[in-house]
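Chains here go by letter, A, B and C, matching the order in which they are written, and residues are numbered from 1 within each.
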Amino acid sequence: MKKSKFSVLALLMAIMLMLAACNGGSKETSNEKEGGSGDSSGSKVLNVNNSSEPGSLHPANAQGTHESWILEHTFEGLTKKTEEGKIVPGSAESWEISEDGLTWTFKLKDGLKWSNGDPLTANDFEYAWKYALKPETAADYAYQLYYLKGGEAYNSKKGKEEDVGVKATDEHTLVVTLEQPTPYFLDLTSFYTFYPINKKVQEENPKWALDAKTHVSNGPFKLTEWKHKESLKIEKNENYYDKDKIKLDAVNFALIEDENTAWQMYQSGELDLAYPLPVDIQGQMVNSDDKEFKMGKELAVYYYNFNTEVKPFNNAKVRKALSMAIERQKITENVAQGGQKPAFGVVPPGIPDASGDFQENTGNLFKEDVTEAKKLLKEGLAEEGMKELPEFSILYNTLDSHKKIAEAVQGMWRDNLGVEVTLENAEFQVKLDREKAGDFEISRAGWVGDYVDPMTFMLWETDGAYNDAGWSNKEYDNLLKEAKSTMDPKERMDALHKAEKVMIDEMPILPVYFYTKPYMVKSNVTGVFAPINAYPNFIYADKK
Amino acid sequence: MKWEVCPIKDIPHFSIANLNISCIHFRFQLLRKSMIGVITMLRYTLNRFKWAIITLWAVITLTFIIMHTIPGNPFAKEGAMPPAVYENLQVHYGLDKPLLTQYGNYLLEVVQFDFGPSLKSSSISVNDYILKGFPVSLHLGAQALVIAIFFGLILGVVASLKRNKWPDYLSMIIAIVGISVPNFILATILINYFAIKWNIFPVATWATWQHTILPSIALSMMPLAFIARLMRTSMLEVMGQDYILTAKAKGLKRSGVIIKHAIRNALLPIITVLGILTANIVTGSFIIERIFGIPGMGDMFVKGISNRDYPVILGSTIVYSAVLILLIFIVDIAYTLIDPRIKVTGEKK
Amino acid sequence: MADKVHLNEDMFQPAEGNFKEAEKIARPTVSYWSDVWRRFKENKLAMTGFILIILLVLMAIFGPYINGYTYYGQDFDKKNLSPNSEHWFGTDSSGRDLFTRAWYGARISLFIGLMAALIDFLIGVLYGGISAIRGGRTDNIMMRFAEVIYAIPYLLMVILMMVVLKPGILPIIIAMSITGWIPMARLVRGQVLQLKENEYIHAATISGANTSWTLRKHMIPNTMGPILVNLTLTVPTAIFAEATLSFLGLGVPAPQASWGTLTSDALGSILVGNFYQLLIPAILISLTMFAFNVAGDGLQDALDPKLRK
């Protein structure tokens, strides 16, 4: 009798406690939600997810999208980009380029101010760029400023600060001297390493960028709250020259790393914008006509490196055979599922040519052809004195989507060529180490362009920093040199087209697809657009 | 002067006249014994503290050696960095110095409780990381542990008392599901129902107490299941012991026997596993913190390692080691409280 | 007066030699293990568990060949199919047959789980038992050593190990065992510390029983309960740890499947409502756990007659 009472009591207590917790929870939450909506009815607050804690909100020290997304909304460079990708004046009002393309003179707008009310002058730009190049700053992205004359020398302690090619000749004039003609320099001036910093603030308090209270910027928004590893908040900057066009009062950045959770928060209404989306959701949305789903362009290519220093991948025929034997359309439709475009070249669509779109003008530089691939493989192997492919593997950094693509490629090679490849995954760090050491046969890679010009995709120069394939070709090198020495758009683009073709003919890499930027925005939010080489932009967004 | 009746039972005495004397004698003995006990305990604690320092030092040294041996480097990126930029970063963080110097400098800093900067984030130092993250992880971990211990013990005790009846089977099913469904799946399902479908709790982040409920539950399931199973087994074993039979035979109430003797003695294995379990849980769960976007310490361990962020790796290791050492010490002390016969203090028999 | 007895320490040394004689049961006995088996057989639930384990093992061996699919064959036209007459467990997001993959995964997961449990048991019991029985300084040093190993970041040790070893089953088992034995050792130590103050252990010691005898004959049988519970926990922990370690490239290489990777692969499918992809590994793991738990309980009852009603 007694023993049964005891256990029943305990069970009852457990159940009651559970119920109490649930009920209490639901009441409190609903109260809070009502309160929350009441608050926001007066002001327009956008909720987005920044994925991870920014390492630094100092333009010189920033190094990734988790920093640049916030910087792009709080700072403004000499130029900025429109929804269509056009470069328009930002802090600069106008600019002039010298005949040889080496000297650029920027005129700043009148009456520009920092968020703390200080006047913004050309000196702040000069100071910021030199600060980023200063060796003691130890800026990861200092090399973005190597285009400036004497920039690399100063950064590597071989030159002096005063020899760096940037000078504020007066409060409104910035004269920039470049190392070599760089037609896309204008594009670079909208990049965050080229943002200004407030000289006075930096000199008084070198740690200004670490705290929302001391953070000073010149863009449409200013940083007002930074709870480390929790959230950030930016609010409309009343000192911004174009403040009348800014409709949002504030933007909250959550710091949720897990894509699934971020998606679930979007579903529950805790977020107004979801990017990046989980792969399965992408697949579902691409084939639906959901009004909230948007497909932005992306300046990036997904490819596999062949280690051209390892037999038989030193043979172009073998590389081409492997490349021609996969079905890219199947991969983009069934595995990547983001509406990506199969890649038959390396320069993605969306980059202007001398006239038209660079990628469209190129067209497909090769075809998928299993019969031809089999023939090439046989010939290639014979040339290398081999009967069949030796044991080899695809090395990829651990990520579900990379795994699925590698599995698909493995299956296609098996079915189409009768070739067996093993898959090998590693930590990102370990993969990088092995690539540098040449300890791989085939490795996965992706490249996101730094600026909107085909040049950023010409990575296979002999001994180039990103040339993990170890490929070397005189003709390619010369074509790049030719392109770098001229400002004439036609001549330049011709050389770049040729270079891309030379490279693809030898196939040191196996292009798979061009990325896209699928994202979702709640239907009550308008004015969000996705620039080709940046995260979705909401400077001019509005929320009903 | 009249002595009161000696309150301590079971003192051998032969006559009334002897009572007072034996009582005084006994009290004196007791006092002496407890004095010795206190001194032994103090000496033991001091000894363990000395060992804690040695253990910590060994952990730091070995971790330092391993992390500089493995492939990877904190500044590695897709594509080679210009040598000048790499050089500047090395100098900035003092990584250009010989390893032995770095090791020495680090030990000097640690003695002053300075764990250095993070190589990946200039906005937050390792000390900030810990000061910010540890209380959050502790809070979450404590809640999860309370749920796990409370329901785990109830389930375990009930299952053992109702052996091979439905409460036993129910408890087993809960336990099996609890250990067979990993917490990342449980978390996703909890969010799907409680946050999205029924709108009872928020999906993620760490703001109000409502935000803490789902992660606490997700984190508690595994330890709950484990404690329930362990408690059941341990109870069954204890209930078969002679002293329980004796107590029953003496006519003690069943509930009294269970609470005073059985549960107390059955707790020993629970206490043992709770030591390491607590250390693991209160220093943060990477998976749960990542899924729920909780600013705890959990991601320090994993991301520190995958970024090769040396100071973050060492800092989180030191905090974890300290918590682990402390809890294991507490467990050893708890043994003697549960069963005074157990000797861990190292005194000779 | 002359026969006054002098007491000295020599007279209180444990008896020598034939301690086994002293503890010997005079009556002829049924062998211990056949008695255990007899009791085990009587327990219906335990037998169910036992048969289930045999079935799982048989399916792990033959399952991947039953319905004619391979664990790697992809068919994108048939992706994300719910269980049907052709694909009994449905297909995954690459159109692979989940029935074949699930049983292929059973091989890896069951093997890893059982090996991890076995190694934890052997090292843990030995280490914890010796530490507790010796006590004092030995106990202190052994436990501090275990603390050091346990406190060093586990992932670092595994990454270090990966420098030397190529991915495969053996490195996974080693990785599981680096720290896996430590909680077991602590558990055994705690139990033995308590047991060793029991009267019958004193009695055995006085009779001259040595450490290994006491450990084998008295300590382990009497701590079997918590040990078994801990072991049944080791199995699923190892199954999921395999999936976690695959992050470092240590797990089984894709496209091979394990229950752990099937579970983590299914995570994304929950979002789009393909619950069955998660349910299949979850049910198989739960069944395994159920089987091991009831068989473990039955074994414990059979081993320890005191618990019998």
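Here is the rule we go by: a contact is a pair of C-beta atoms (placed from the backbone, for glycine too) under 8 Å apart; a residue touches a chain by one contact, two chains touch by 3 or more.
Just so it is clear, the structure is predicted and the values come from calculations on it, not from any experiment.
S.K.: Grab the C-alpha centre of each chain and report whichever is closest to the global C-alpha centre.
M.R.: B
S.K.: Look at the interfaces B-C and A-C and say which one is made up of more C-beta pairs in contact.
M.R.: Pair with the higher count of C-beta contacts: B-C.
S.K.: Please work out the Cα centroid separation of chain A and chain B, and write it as a whole number of Å.
M.R.: The mean C-alpha positions of chain A and chain B differ by 41 Å.
S.K.: If you average the CA atoms of chain B and of chain C, how far apart do the two points sit, in angstrom?
M.R.: 22
S.K.: In angstrom, rounded to a whole number, how far apart do the mean CA points of chain A and chain C lie?
M.R.: Going by mean C-alpha positions, chain A sits 46 Å from chain C.
S.K.: Residue numbers in chain C touching 2 or more other chains?
M.R.: Within chain C, residues 159, 267, 271 contact more than one other chain.
S.K.: Touching at least two other chains at once: which residues of chain B meet that condition?
M.R.: Only 71-72, 188, 192 qualify.
S.K.: Can you list every residue of chain A that touches 2 or more other chains, as numbers and ranges?
M.R.: Residues 260, 264, 427, 430 of chain A each touch two or more of the other chains.
S.K.: In the complex of these two chains, what residues of chain A are touching chain B?
M.R.: 2-3, 6-7, 10-11, 13-14, 17, 21-22, 25-26, 28-30, 32, 53-58, 61, 135-140, 142-143, 146, 152, 155-157, 209-210, 226-231, 254-258, 260-261, 264-265, 267-268, 270, 427-430, 432-434, 436, 445-447, 459, 465-466
S.K.: In their shared complex, at which residues does chain C touch chain A?
M.R.: 72-74, 76, 79, 93-95, 159, 162, 167, 246-249, 253-255, 265, 267-269, 271-272
S.K.: Which of the residues in chain A end up touching chain C in this complex?
M.R.: Per the stated touch rule, the residues are 260, 263-264, 278-281, 283-284, 330, 333-335, 398, 400, 403-404, 406-408, 410-411, 422-427, 430.
S.K.: Can you tell me which positions in chain B touch chain A when the two form their complex?
M.R.: 71-73, 75-85, 87-89, 91-93, 118, 120-124, 128, 132-133, 150-151, 154, 157-158, 161-162, 167, 188, 191-192, 195-196, 199-206, 208-210, 213, 253-255, 258, 290-293, 295, 299, 306-308
S.K.: What residues of chain C sit close enough to touch chain B in their complex?
M.R.: Its residues touching chain B are 45, 135-137, 139-140, 143-144, 147-148, 150-153, 155-157, 159-160, 163, 182-183, 186-187, 189-191, 193-194, 197, 222, 225-226, 228-230, 232-233, 236-237, 240, 263-264, 266-267, 270-271, 278, 282, 285-286, 288-290, 293-294, 297, 300, 304, 306-307.
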